[in-house]
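Let me begin by presenting the structure, written as structure tokens, before commenting on it.
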Amino acid sequence: MAESWLPTLITKTPEEGFQLAVKLSRMGVKTTQPDVEVLHKLRPEYANDADSLTAASHVIAVNFQTVSAANNYWRG
Amino acid sequence: MAESWLPTLITKTPEEGFQLAVKLSRMGVKTTQPDVEVLHKLRPEYANDADSLTAASHVIAVNFQTVSAANNYWRG
Amino acid sequence: MAESWLPTLITKTPEEGFQLAVKLSRMGVKTTQPDVEVLHKLRPEYANDADSLTAASHVIAVNFQTVSAANNYWRG
Amino acid sequence: MAESWLPTLITKTPEEGFQLAVKLSRMGVKTTQPDVEVLHKLRPEYANDADSLTAASHVIAVNFQTVSAANNYWRG
Amino acid sequence: MAESWLPTLITKTPEEGFQLAVKLSRMGVKTTQPDVEVLHKLRPEYANDADSLTAASHVIAVNFQTVSAANNYWRG
Amino acid sequence: MAESWLPTLITKTPEEGFQLAVKLSRMGVKTTQPDVEVLHKLRPEYANDADSLTAASHVIAVNFQTVSAANNYWRG
């Protein structure tokens, strides 16, 4: 049985939580376009466009809300 | 009586929750454009455009917030 | 006295909650453009455009957050 | 002393709450462009564009989240 | 020591809370482009464009969610 | 061991919380495009475009929601 790519939303630190938010954002893309070669070709298109980068940061921010709430904001 | 496509928001794991978020996002599209053939024709348009993929990931992120909250973040 | 189009946010099932989210999204459009004929003419414009459909699904997702919270996620 | 245009977020019914969300959305526009004549001229531009209408519905949906939470979803 | 431009999220009334949301939205712009002259030149560009105004209203709506929650929706 | 760029979401004041939201928004961009030179070249593109600035402010607003909730809105 394959390991899950998302076994939990709990992380040790806020920084790891941010990395998980990035991962969730990428999986959202990958689910829609699973062909890694296509994704690779598209990279220069958005990685060099200011508005595309802002849009990517927006999705990460939404996922970071979820991960932060899951971790009770790491209030400790 | 037909089975519901959305009997519950509760899932066993975060990964299944993410899949449900993807399903909700697609149903949002399908409700607006129920013609599967049209949707099929549109696929290359957005699946090969970086900004469209980011937008798709954004919708999934919003739905994943809902599913995650419903599942109390699978805190266990 | 006319019946309210939105007497409650409470629904019996998640699927009915999703339908209510769709209704809220459409009312948001209709409030801004009440002329049904205009809306009818605009339909082909967005129903055949991938990005427009994603945007429509996004609005439904935001409204589904509201309806889901109102129903305590149908945790039952 | 002038009356406040926003004395409270509490409304009697969900439908009135939706109307308040519409009002908040319009005030967000009006605050940025207070010249009513300009707003009037812009109306045909967005009221006849499907994507603009979806965007308007999106803002209403965000404000409706706020108003719904304020009213504890009119759970009664 | 300079006074903070954001000493608190608490306001006396919903209307003042809305004004604070507008301020937060502007500070988000100003942080990215601190040159007031540039901002001044850009004003006609977005203040006369329906979609730009809707986008501005959207940001205010997101910030108003934050301020409203901070004030427990002024439930009194 | 390198210091974390995000050791905590807790800040002393709302203003510092806003600054953290700005930092999170920038890290979302930097994670997608780590090449600082490219980012530097893109700056004039978005810093002089009204819609890009609004989009940047939008991302900050989403992150500010997260930071504000983490700090219990600095209700004190």
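Which chain is which? They are A, B, C, D, E and F, in the order written, and residues in each are numbered from 1.
Going forward, a contact is a pair of C-beta atoms (placed from the backbone, for glycine too) under 8 Å apart; a residue touches a chain by one contact, two chains touch by 3 or more.
Here the structure is a predicted model, which is why all the values come from computation and not from measurement.
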item	value
Interface residue identity across copies chain E, chain F - same or different by half	different
Averaged-CA centre spacing for the pair chain C and chain A, given as whole angstrom	27
Inter-centroid spacing, chain E versus chain D (mean Cα positions, whole Å)	16
In chain F, residues with contacts to at least two other chains	46, 51, 55-56, 58, 62, 65, 69
Direction chain D, origin chain C - full chain order round the ring	C, D, E, F, A, B
Touching residues on chain C, where the partner in the complex is chain D	4-10, 24-29, 31-33, 38-39, 42-43, 45-46, 51-52, 55-56, 58-59, 62-63, 65-66, 69-70
Residue ranges of chain A in contact with chain F within the complex	13-15, 18, 22, 46-51, 53-58, 60-62, 64-65, 68-69, 73-75
